[in-house]
Each structure stands twice: as C-alpha cells, then as structure tokens.
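The structure that follows is given in the form of structure tokens.
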C-alpha cells in the first residue's frame, strides 16, 4: 500500500491538471443524458435534437457569458445501469448541467452522482420519488405523477363514478410510481379498487392476466405503463370480451397505441397533458417551426419540449446571475416565477418540483382522432 | 479376514432388461496376477466397471477385504486402493504427461481446502513430494523425455504406459488393467510384460483383461473365462487353455479376426 | 525463472498500474470497469474454464455481491468497508445452496438451470422482496469508501481499489492452478470418468469451483456498486451472464491472458466504438463467429505443462 | 370453471407456439448436440420478413386466404434458406471443435441476425395489420376463442403430427434418427450426414418461421429483440421435455404454456417466470434429462 502512494500522488496531480484545464477552457459544457438508442429511442433523439437546436441558437448569438456552449451527449438506453455510467462520464467531462433523462428510472439512477459533483440536472421524469432527496441540483421540468393521479382519481370517482376499478402497471419506475399514486389518490376519494397487478413489459401475451381480471367483472381497467403494452392489452381485452372501459395513462398517448389496438382502439380513454401541436404559446409555435426546419420532423412528444424548458431555465439562470457557479444558478432557478416556457409558465418549488399541470381526457374515435371528454 | 482381497459373489448386471453379467463369482488373492478372458462383448469390461463403481450391479456382492463395496461411488473405490486403466485409453489428452500422472497423486495429496486459495509451508512440502513421486514413475515407465508433451499427442504404446503410471501413482493395492496390450507391437508387449511383473513385485495385486493369449498365459496365475456374461471356465492358465468349452467359445466368435 | 506468459503479464500489470497517469478520468472509469469485469470473468473462468461446468448465470453472483453492499449500505447504513465481507460470503453460501441440487446435471441441462437461477434472481430484485431491493429501479446513492476520515471518492482511488482486487484475484488463480484443487478441476473438465477413477470427487470439486467463483464475483460486485453508486436489476441479467460466458470462451478458457483479452474485446472495444452505435453489435457477432472458426479454443488458448523444472530435465 | 377453461385455451395457444419453436432447438440438438442460440432470432426475423412480404407484395388490406398462405409459404422458405446458411457458415466449420466453441458461434450468429433486423427494420416496434385473419370470435359457454387462436392450434397440431410421421415413418426420418443416435455409424451406413443436417435446419427453421408469423398475427407488435424471449421459453420447453426428443419438445411446449397460464391466472403474474424455472429445476433434479429424455450411459 505504501508503495502505491507515489503513484497515487502522481496520477492525482495529472487528474487535477486535466480537470483544471477543462474548467479554464473557453466553453461551457451542457450534458444530455437520454435514451438515444433502445426502446425509447425516438424520445431520446428528440431531447438531443431539441437541446442542440437551442444551443445552436444561443451560439449563433455569441454564446453565453461570452463563451460558446458545447453539448456532450450520453446514451443511457433508458436503463438505470447505463444511466449510472453516463452520469460518471458526464461528470468527468466537466459539464455544468445535464438535461435528461426521459425515463424516471434512468434519471433517478444518475441523480446522486450529479448531486455529489454539484452539477445541475433537469428531467421530465414524472416519478414522485425523484424529488424525495431534495437535492439542490435537481429540477423537474414536467409535472409529477401525483398531479396526474389526482386528476385521474377525480375523473374516475367524480366524473365516471366507476364502482370496480382495476389498476395495472408494468415494472418500470415511472409506471409503478404512477400506479401507486393513482391507487393512493383513489383511496383518498374512497374509490373501490378491486385488483392491482403488474405485467411484464414486452411479454405480449396478457390473456392469462386479463382472464383473471374478467372473472372480477370490473368497470374500468386503468393502465399506467407504455403504449407498446397498452395497445396490446386493449386489443386482448376486447378479444376476451371484457366489457370494462380502458383508460391509459399519459404514456399510452402514441400513434402506435392505435395501430396495436387496431379496431379495438375506438372507445379507449387516454389521460395526458396537451399535445405539442395544441400548445397555445407563441414561443412554442416558434420552437416547433424551427425544429421542423432543422430536422424535418416533429418532436416525438411533449416530453422533449419539457426538457427544452429545463435547458432554457438553466441558461436563463446563467444569464441573469452572470455566473457559472451551479449553486448560484440553482438559487436563481428556485426563485423563478412564471418563466415563459414552451410548455407553459415555469415555476420551481424549493425541492425542484415544477408547479402546475393541466390534464385532460381524450376518447379515441372510430377514425382514431381524439375527442376531449373531461378537463 | 480371508486370504482373498477381492471377492465377487453371484453378481448380475442388466441393461434395459438384457443381462450383461450373469451370476458371476470369482476370488482374487492378494499379490496375484488374475486374468479375465473371453470373446468380445462377453461382459469383461462391464465387470470391471462394476468393481470400480461406474456401474452398480443389480444382484450379488462385491467384497473388498471382506467389506461390501457394491454401489460405492467410483472416487471412493479409488480411495480404497482400487485403480484402473481403460480399454479405450482415457487420458487427459490436452494436459502434459507429468500432469496426467499427477492426477494419480490426488488421493495421496494432503493439501487442505484453503490451499486452493493460499499456499502454506505444508502445501509446498506436499506438492514437492508428489511431483517427486511423479518423477520416479516417469523414470520407471521411461516417460521422462515426454514430461511436458500433451498426452494426446503421443503414440498409442506410450499412452498405455502413461495410463498405467497414472494408476500406479495412486499407490493402489489392486490394479485393474483393461486390455493393456491392445494396439501394442511385439517389442512393446514384451516390455509391458516385464513392467507388469515389476509392479507385482511391489506388492500390487493385478487383475487384467487381455486378448493376447501368449501374454496372459505367461503372466497370470489364475484365469476366469467369461462368455455371455457368465463364467464358463476357471482355473490355472494351463487348464483353461485346454478346456474344450473355452476353445468352443473362441472358435464360435470372430474374436481373432477383429484383432488383426 | 520466468515464462513468456508471466513476462507479458508483468508488463501488462505495470502498464495497468501506471494507466491512470496517462488518461483523463472518463477513460479511468472505463479502465476501472474493465478491471472489475476482468475479475468477474476470471471467477467465471474458474467454474467454466477450469471445472468445465456450463454455467450461464454468473451475473447472479456478481449481482448478489453488488446488492449486498448496496442494501447494507443504503438500507442499513453500514460503511462500505464493513459490507465487503458479507458481499463475498453471501454469494458463496448461495452458490452452495443453489448449485448443490443441480451439480449432477449434464452440460446443457445445467446450463439452462443456471440461466433459470439468474432469471429468478432478477425477478426477486424486480419484485422488491421485503422492500429491500428497490424494485426495477434498483438502489441509488451508495456511499464511497471511507477509512480513518479519508474519503476515497476520486476515480483514481476506485481504479486502484479495482486494480488491487484484480491482483488478489490473479494471486488466487495462480495458487489454485498450482494446487491439487485446480488440477482436480482440469481433470474433471477433460474426462469425468477418468477423473473419478483417480479418486476425484466430481461433486466436491465442482462445488468448490462454484463457491470460489461466486465469492470472487461477489467481491467484484461490491466494487461495481461503489464505482457507480447505483445498482439495478438489468446490470445482472442473463445477457450479462452470457457476456461473461462468451468472454471466457473467446479469450481462451483457463488462460489468464486469454480472459484478459476476452474482457478487453467484449467490454472495452464496444466502449471505444460507441460512435458506430448501431452497427457495432452486428460486427461483434460476426467477430464472435470468426474467432471461434479460426481459433476454436480462444484467442490465447491455455497451455498446459506447467510443471516443476526438475521434471523437465530429460525433455528434449 | 369457464375461467379455468379459458386459461387452458390461452395456455394451449402460447404453448403450441413454444412447441413449434422448441422443435427447432430439439432437432438441431438431437443431431449436432448444439444449442442453436440463434434460433429465437430466426423466429423474430421471420415475423419481420413476413410483414414485409405481406405489405410489399400483397399490399395492406388484403385478407384473401390464398395471399395469407402464400405469405406463410414464402416466408418459411426464406427463413429455411437463412437457417441453412447459418449452419453452413457458423456451425459446419466448428463440427469438430470443442462443443462450447459452437455455442459461442451460435450466440454470435444470434447477435448478427438480431442486429441485422434492427438495422433493416429499425429499432422501433413494427405492427402487423389486423386484417390478416378475420376477427371472428366464438363464444362457447363463456369461453372466448378467436379465429387466430383456432388457426394457431390447428396448424401447429397439423405440423407436429406431420413431423411425427415424417420422422417415424419415412426413409429420411429413419436416416435422421440414425444420425442422431450415432453420426459415425450412420456415415458408415452410407447416410450423407451433411444432407441430413441440412434437412434438419430446413425443417426447424421453417417451423420457427411459422411460429414467428403466428406471433406477429396474434400479438401484432413485433420488435427486433423479441426472439430472445420466445427463444428462451422454447428452449426451456425443449429441455423440460428432454432435449433431442421430438415428442418431448411438443410436450414441453404445451406444458410450459399451460403452466404459465395457470400460474398467471391463479397465483401471480409477477412471479410467473420464477415458478416456471422452479418447475424446470425440480423436473431436472428428479429427471436429469427431462421428462421424456433418456439417460444415455457413457461408454467406458
């Protein structure tokens, strides 16, 4: 061990030199941690694209604090372990802030590492657990599951007056968290939950679980997971002749849900925030035009726009404080009040939570179009 | 304790209802060279497999120094001092000759379970003794020059010698040789005969299956002849050789042709 | 007296020892993971390459070690140092309990049984049994190593800890190979019937390999969880097990340099070629096939004949 | 009671898909003693090829039975060719190599196929048109059976019976069994072992292809990496039944499907895999070579 020490000292010196070199450089680095490949690739790529678009716009105007902004992306593939690896990597790259990730699980896995390194992080992850640590480095740019859950419970109990409710989720961090929140909110309103279950994403065959549910004769099946399984669940539900309503959480709102469910899609209810194309804000319309012009497509969903708002809030913090010190920037971000965002006004609570959220329920029509049935 | 080191009493072994060994009995004296002959497929190797625990016979008793060993696992049989060679040579082909012979030292090695992780002075002493023993055996079988060569790369005759050295390394009381001369040329067979006598002189009891009649007759002190799993004749070599039942059995089979 | 192999090993060790001086901390993190994965690959090699057991569930023991450290540290507040012993011992006990009933199975049957154990393990983690494992998210916020008030937080410290672990592993491997136990495993691997007939208990030595391999993998798992301060089920799934299995066979089973090369190819190269993200696994698969066709025993196959020099005097 | 029967229908449907895939594993294993880890990925490939053939050649919205049969035949033929190529390129050069080398080659081949599918068809889920089979549903005493399920059960049963007779009653089948028992002896008897292995790969891959198409038609959503899950389940089914044994693979597949449905329906969907593997391990502890597998004593 003692023999090791000279080496330790030497390599430590080299490291310190490297780190100080990157600090002194004339760029400000912003990290992107997103699922650029894998199951959620389209969302991850949208986040990466959006960040690069905003950064290009800033750099075109001369950067920030007199320095150019450089984007460093890391692909977390939507998995917690890869996220942990990305976190280490981005910290080592010396980024000031990290945008992402898309899934709550990958976000949470990286949180502690960023916190220890004093790096700001902003994510659209909706799990309530994301803010339990009260890390000063973390900001949520979307709305929490608990907000969606409260809306869902209100709709189920006050709106639809369901008597027998089934709640299903998959194993993902986001989905279990949303299901837990919905169950909690329903119980608070004395909703009668007759069954809570989990399905394994990607299994495709849900008939066994649905047959079991059929025997309970429910009024509604609520699914908090992703569209890839939700569409199949709906199709197999109709196939088995289960006459309950099907209500999908926000991640079921995807064109592929309709394709998977096929003829069974009609009559499905989906709960979500407004889709990008109906956002009423000028800044949103301008962003979408720019995005379309640069990438010749639309962002995958509103989630990538939420991340862009996170980035804009961080950059705004830098500009107003004229500081690169993350502590100072964070303090400024916590004080933001109704900062004009693409997805609406942005206000952060002390624990990093974004306040607000306007949910609505759509019913899928025969031609796969949406009809708003509840606000 | 009787004068017999190994007693086989009314042993029968079946495969899928077909009888492979049928009510076989024999007794081997300590220090003897005991021969087993018979046409191919007579059940000789099956008998050896029963003794060494690879098969468990359905009926009968196998007594080692008066104690029942039927159904004992092969590695425990080896620990008791019964070692064997194989008709189809079974060496650790990719490993060197010395390492092959070292496997025979396994049961004699006194290394403790933690010696696989950390070495102690006792380990070094034990390891050295065992390698030295391997060296002695390589000298004895004229194998020293091949010490580092993979056993599988060597000629048939040498491989047979390695197999015997390996079995002998375990310091057996009973050495079971399954066709030790098969595939050897005349010189090698002669050499083998000398070696077997030397092994006997060390006090090792030997049981062997062999088709080379000349060798069997010159070496063995007692012979049992098996056909269709049953004993058809037994006695001193001279007696067995002239027994009409035996002659009949051999003429009735294609035995000799196959071994040309 | 030094063989060519141990010369190369020494050069490599020296290079790895000074590696942190040449690279930035991002590469140092890759280096650390390489070291940790090599340790796991070596422990897989004890079971697969030495005892010849077709074991395709090794990520289970790796994960057990990682989760032991994570749970004891995060849920029960133990310091990391105190979790080291249990993260080695628990995998060993589990190896004994799990492998015991199936150790008599023949090759491919055992292979699928070990895959089964791995899948059950993942399901236990995902279902958050006793509320300890954190479900599909895993456990976050694992502490750093602290000793006498010093915080071993920097990547360089992590690197050297992993380096020392690899050193210990190599020391054990060398001792194993030079003992009755390592040899018994080889004999069983090459010919079970002949080995039994020499008095070697197949069951005992296969279990010995399993337990030793599990313990080393557990130590690596503990290191892994500290390195990333997070553990989650998918890091220990069957795909990971298959990777360790492949590392050993591509590199050369029972060959120390082979396993290191295998780890380098299967783990470091994909990191280097991240740019070609999408096509890299296609190329990778092709490389696996080609390697096996051109070098069926691995890139650097094991060489036997490592015997005391006094026995080599007559060798021509 | 009708819930129980419904679970049996569910279980048999998925079970016969497993059985079809398991046959591919078991036949290859029987002759080559090789776990063809790439087989599951062939199944996934088949679903993608089938989808492309269907939409490109026949165009979406066509429900004619002739077109569907043509898609099945054409896809099965393509996959059979891929299977034969797989054997030629990845396995034949390794026939005399250590057994595990071929296993690694198979794992590599699986990676190649899987990633080729990803590069060609993209990483996102692709969706089968819903009109391949009529959406007819029968309700018999509270049990729901769909047209697709009837097709899966019927065609699988037909294929398995045909295979059984082919193996047991034809000259080629006898040759296959001979090669499985002793390759060298079969060679001496004048059997062209390479040809037998080619036939095995054609049959195995084609059966897997049919399963892949049914998976697409039944579950609609297909992903490039789905082969792993179906492959593993089918492989487990083959091992359960006794790998190398053809009726064993059929039995194993159906048993696995039923067991899974029962566990999910009556105990817990969260622990279904755990129960499956516990069942497998218990079977192996008591019958080390599977339910119908024979213990082959090694020649000494």
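Every chain is named by a letter (A, B, C and D) in the order it is written, and numbering of its residues begins at 1.
To be clear about the criterion, a contact is a pair of C-beta atoms (placed from the backbone, for glycine too) under 8 Å apart; a residue touches a chain by one contact, two chains touch by 3 or more.
As the structure is a prediction and not an experimental result, all values here were calculated from the model.
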| item | value |
| --- | --- |
| Result of counting contacting C-beta pairs for B-C and A-D, higher pair | B-C |
| Chain closest to the middle, measuring from C-alpha centroids that were averaged per chain | C |
| Centre distance in Å when subunit A and subunit B are each reduced to the mean of their C-alpha atoms | 73 |
| Distance from subunit C to subunit B - Cα centre to Cα centre, in angstrom | 40 |
| Gap in Å, rounded to a whole number, between the CA centres of subunit D and subunit C | 33 |
| Two or more partner chains touched - positions in subunit D | 270, 273, 300 |
| Residues of subunit A whose C-beta touches two or more other chains | 37 |
| Overlap residues in subunit C, where contacts from two or more other chains coincide | 193, 278 |
| Subunit C-touching residues of subunit A, taken from the complex the two chains share | 4, 7-8, 10-12, 14-15, 18-19, 36-37, 75, 79-81, 83-85, 87-89, 92-93, 104-105, 108-113, 116, 129, 133, 171-173, 176 |
| Residues on subunit D engaged by subunit A in the complex (per definition of touch) | 3, 6-7, 10-11, 13-14, 123-125, 127, 130, 135, 137, 139, 144, 146, 215, 219-221, 223, 226, 229, 260-261, 264-266, 269-270, 272-273 |
| Contacting residues of subunit C [partner subunit B, same complex] | 172, 175-176, 178-184, 186-187, 190-191, 193-202, 208, 212, 304-305, 307-308, 310-316 |
| Of all residues in subunit A, those that touch subunit D in their complex | 37-39, 41-42, 197-200, 202-205, 207-209, 211-212, 214-215, 228, 231-232, 235, 239-241, 256, 259-260, 262-263 |
| Subunit C residues touching subunit A - in the complex, by the definition given at the top | 17-18, 20-22, 24-26, 28-29, 33, 126, 135-138, 140-141, 153-157, 160, 227-232, 234-235, 274, 277-278 |
